[in-house]
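Common to both upcoming complexes is subunit A, partnered first by subunit B, then by subunit C.
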Partner chain A sequence: MLETINLSKTFKEKKAVDEIDIYLDDGESVGLLGPNGAGKSTTISMISSLLKPTSGDVKLNGKSTIKDPSEIRKVLGVVPQEIALYEELSAYENLHFFGKIYKVKKGFLENRIQEVLDMVGLKDRQNELVKTFSGGMKRRVNIAAALLHHPKVLILDEPTVGIDPQSRNHILETVRKLNEDHGTTILYTSHYMEEVEQLCDRVYIMDHGKVVASGSKDELLSILSSEDTIQVQLSKSSDNLLEAIKAMKPVRRVDETSDGIRIISKKDSSILNNLVHAAEKEGIQITHFQLEVPSLEDVFLHLTGKSLRD
Partner chain B sequence: MYPVFMAQWMKDKRKPYIILLFIGLSIIATLIFGDIDRIEQTTAMVYSTEPNAEAVEEKWLEGLNGHETIDFIISDKEEAHEQVAEGAIDVAIHLMENDYRLITSSDMPNIQIVEQYVHKVFTEEAQLEAAAGDGNTEKLRSELDSYLENPPIQVQTESIDGGEIPNYDMGMQLLFGFTLFIAMFTIGFKVNGISGDKVSGIWNRLILSPVSKTNMYIGHLLYSFCVGFLQMLIVFLIFHYVMGYDLGNLSMILVITAVFTLSMVSVAMLITGIVKTPEQFNMVYPSLIPMIPVISGVYMLPGTISNPVLQFIGDMFPLSHGVEAMTDVALFDAGWNDIALPIALMLLIGVFSMGIGINMVERRK
Partner chain C sequence: MGSFLKKDLLVFWRDRKEVLLALFLPIVIIVVLNLAFSGLFDNDAESVNMNVGIVDENEHSTELEQFKLRLQEMDILEVEKEALINQASAIKPSELIVEFFNDPKLKEWIPYEKVSEAEAIKLVEEGDLDAIIKIPEGFTYDVLSSLLLEEDSSTPISILAAEQSMELNTLQNVVNDFIDTLNLQFALGSTVGADLEEPVLPQGGREVVEGVETFNISQYFTIAMSTLFALFIAQTVAMKTVTEKRERVFNRILLTNSNPLEYLMGKTLATFFLSMIQMLVTFAVTQLFLDVFPGKSLAFWVGVIVIIAAFALTVSGLSALFTSITLILNDSNAASGIFTMIVMSFGVLGGSFFPLQGLPVVFQKIGEWIPNGLTQTVLIKWIQLTSVQDLIVPIIILIVFFMACLVIAVTIFPRRGRV
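This part shows the complex of A and B:
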């Protein structure tokens, strides 16, 4: 129902978003993953009609939203990356204000405010000023403000950065319920792989303004099916051994971890033997050995060369 | 528009101190600086220690009484000295048959005025007595008085249209000047709320809502207007009804206030457009605004600033026009025709600044 076609944005010389194609089907929950500066927020701004693309298009049910954004604005709820609230007002007053702005009918507004407050679990704190709230509570009000007008599509831009686990769980639970119980279509942006794994049917991975991979969790994991991740613990660390492993043919990369080394290698049965021999030669014992099942985190690392969290 | 307006009001309702402070400041500044050329009433105690003290006191008191701002009261030496020593009065005068001494504990400007005046009275009396010689001083005095009632040369000052020339009341100019000047701060900080909303992301939420952009601006600007206007209204009402200042035709003053506020909201919008962030505005605006009354000559008698460049810069801001129109109404009973030009100029400044300002704010991203 909502799709982008060759969507691009260039700021001065910098290509922030580079010809991306994304689509959202009705009732789907889709994740948009990417490291800092990947272009996630810029993409969201263009989808939500706040920013004009340099080229490309955004279509809602086949109709371009760029000339006339009124349709998409009606169906959209946007939770911005920043806390877009009046800190000097209470949670209730903020919601009342945004409810009026979104023209929620007078008779329904009061009920609706209590409903969304309930969803984000702040009903009993509604009369306190937002500036006295913790970061997590502010984020929850920030989400509530985007829900007042029953949006069909909810776009959340990193709604869980820098908050306590309790608030985070609450937010994830709220989003899940919106998607599963109310049929709200979700576009969820995050740095955190496990959130996206938990919430989303499909995932787009962005880096340097481009979509570098997309698909369901299994599809993404299959990218790594030709590789093994091996976690090894050694009796002592040794640069010589590290070099020897790196020199092995199927090995793609070797990283030192807190308790040993991690090897990413093409699937190859000879690797285990070679590893044992190399260690023996250096007089080092392998104390622990584990063949890891790849995670989306590994997919991300593989695609972008960056860890998700900085 | 209405919710935007109300949200601003709810924010301020919780902390109205700044506005109250500004209202107080407008009044205090006018009282402190506006009274410079108004001399307060001074009391001087007079006494004599001559044997015929009463006669001496009576004789001089007759000549001395008649000054607008100095009251002379008869007392005795001890009492007068004590009062001066305590600072209850500024000056006492020891009267003698043909001479006097001033007793004072400080050298304040009003003592010089007393001294000049007493000196004049004594000199005139001495001249009169010298002219009368051995003759009758009293007779000469009454002859002189009746002669002066119909003097040979009569000078009369008329204004160009034949009316009387009232004294230019600098205090009134400062009253309007300070009140408008301080309101410029209030207005500016409120208009800056637009930038604040943009930075916080609230503005984006409004854009995505069914509220039109025009209504978003009007909500903010109307609120800035109302707060600025209300602040000045309260100050003027206090001056007019509580403190007994005569502001002339109050409804005309309020119309000028409204036009000035409108114009100043626009200028603040222009400055909002020029600077990049609300923080920058909070630095630039308070450093720029205090220069405007100086350049506009609000602290000086009209006509003091003759540098055409400064005059031109001053005229680009609504302050000089607003103060001019208000003093014209308050001091010279100006009618609508007389203040049409400053009002038109303020509106012109308003239209231009608003147009350019909103354009610049919209273009910034």
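This part shows the complex of A and C:
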């Protein structure tokens, strides 16, 4: 098991990570969500031993990794947000170099390179220079380089940013296979909620350097169990009506959407009646009304006040 | 470490711009400089070649008689008169000039013919003559008055030409040197009472020492440019670290549990091989196409390779130091600026831009302790057939420089969490 205990990092009196406790059980797939600047990358850097924490600890199977990071490095694969490859080298040359310095045994390295290239679907392009690859292909090599030494834990920091749908699907499928078929423990950060929903058993939500919520998808959704999300389409838009809805007692938040308004309200049976009356008063017709099941995106919005892609 | 070395060499080789800069630019510069400066520095006979006409309007016997007559009229002792007349009879100024130009060595590059003034002017206009040396009427009388009676000279030799040129300057210098030598020797001769000796021919300002070969400007450019560009390789390889940091490849390397010093040594060795290749290619190509070191023996080339290897080692030490500094500094522009300043200072003080001899003595001494300056000095000495023993101390100094750089680089190489 990999865990952090009161892990903190301060840069020039600014707390980037503030006493967070997260854990990853063997074979688990865990999502780490948070808006930009929440402290996700700093957390990953500390877990992977690239950055020394200001305080707190990172433990691998109960043993601290701060003083001696060699053990965690043996079992950890990190896929950074950046394309951490030599653009002037081919995919094969990159993997050969990293395999060598990961000290993959000579007899096994060749097979392992072919295995990981096969896993990311680039076996037939292995001799081409990385700089000639598309963004998606580069990201796939980026993942392959982290898999060469058979890591037990794989940390992926937004591995699908800015790539085509085909590469994205390929990456998601690779991560899923690694977790389900090979038992690799996954820590996955992303801006795409659907990826985390699709891949992860549990989720941590970070904001301002702290973990603001954690648990399985259902546990997180239960945070919003006392609220309803209502999507309403109107015959025409009206500022007066918007103000009237905001003034209603159970309503917590009203957002304009491309095709109407979105209302987050405490569970209250009178809300529908009040809404119809307010619309009639303004001479506006409600053309569509839908009570939405809350999603993780709603939970995220509820907890951080920001959309995940802000 | 082999993986790091292979990676660094491959990354460098695939960067076509760097390869062009490192391997071809020094060669191109050497060729251009050779073409531009060969006329200025070449001291072979072919570089100055003038056809000169000597117009002698001097009437020696008449003027000598006039001088004797004047002596007779002077209020001095008879004994002195007799001595001066004897001396005057022995001096034939215009003949001395003609004899001077008759010297076979001088005739090779300044052939002359005796002509009348009108004929000379016509020949200059037609381009058959480059200049006229005119010995004016009254020259003998004037020279005798100047030498024996210490009167001011009022009838100088004149040199005429259609246009000003470097060759004309050379001719003026040759004639002036001759007159100066003549005056000096007469003064010495009259003091000690010796006979007038034939003046020494000027050698074009160049000292020729028997048994020692001189080095030429092409050789200087080859040595200076190759050492300077080798220094740039130290900077180029170190600055690749900036890219590795920026693109997080360096972090990925750290995560592999490999010893960070392997990374540093990879850069050091790569620089050694690259600067070695760069210098050898420069020497080989310039030798092949420009014949910069004509007729040199195998032993000479072995010596050159040894000196180059020692210098490449110091460049690799410098690269190690630059790499560590790059990792410490967060500002890559600052790092690049510092390295450029160091390399350029080495270039200036080490004599890569102009020969050390042109600098004040203090700078010359400093330059001889700077790796490229030291290497340049050793290579120049080696061209001049110095002994193998003379190479030992400079090579030891270069190795010590390498060791010092490497020790500092390892000491300041950042520990985990500081990069």
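The criterion applied here is as follows: the second predicted complex is superposed on the first by the 310 of 310 C-alpha atoms of A that agree within 3 Å, B and C clash if a C-alpha of one lies under 4 Å from a C-alpha of the other, contacts with A are read in each partner's own complex, and residues count from 1 in each chain.
The working rule: a contact is a pair of C-beta atoms (placed from the backbone, for glycine too) under 8 Å apart; a residue touches a chain by one contact, two chains touch by 3 or more.
Please read these numbers as outputs of a predicted model, since none were measured by experiment.
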- After lining both complexes up on subunit A, report clash or fit for subunit B versus subunit C. clash
- Task: Have a look at where A:I44 lands relative to subunit B and subunit C in the superposition and call it first, second, both or neither.
- Result: neither
- Query: When the two structures are overlaid on chain A, which partner does A:V78 contact: first (subunit B), second (subunit C), both, or neither?
  - Reply: both
- Task: Return first, second, both or neither, reflecting whether A:Y86 touches subunit B, subunit C, both chains, or no partner chain.
- Result: both
- Task: Return first, second, both or neither, reflecting whether A:L275 touches subunit B, subunit C, both chains, or no partner chain.
- Result: neither
- Quick one: which of 63-71, 99-107 or 135-143 on subunit C sits on top of subunit B after the fit? 99-107
- Query: Shared contact residues on subunit A for subunit B and subunit C?
  - Reply: 48-51, 73-74, 76, 78, 80, 82-86, 88-89, 93, 97-98, 100-103, 145-146
- Message: Please output the residues of subunit A touching subunit C within their complex, sorted ascending.
- Response: 48-52, 69-70, 73-74, 76, 78, 80, 82-89, 93, 97-98, 100-103, 129, 145-146, 149
- The subunit A residues in contact with subunit B across the complex are 48-51, 73-74, 76, 78, 80, 82-86, 88-89, 93, 97-98, 100-103, 145-146
- Which part of subunit B faces subunit A closely enough to touch in the complex? 2-4, 6-7, 10-11, 14-15, 200-202, 204-211, 365
- Along subunit C, where are the residues that touch subunit A in the complex? 3-4, 6-7, 10-11, 14-15, 247-249, 251-258, 262, 416-417
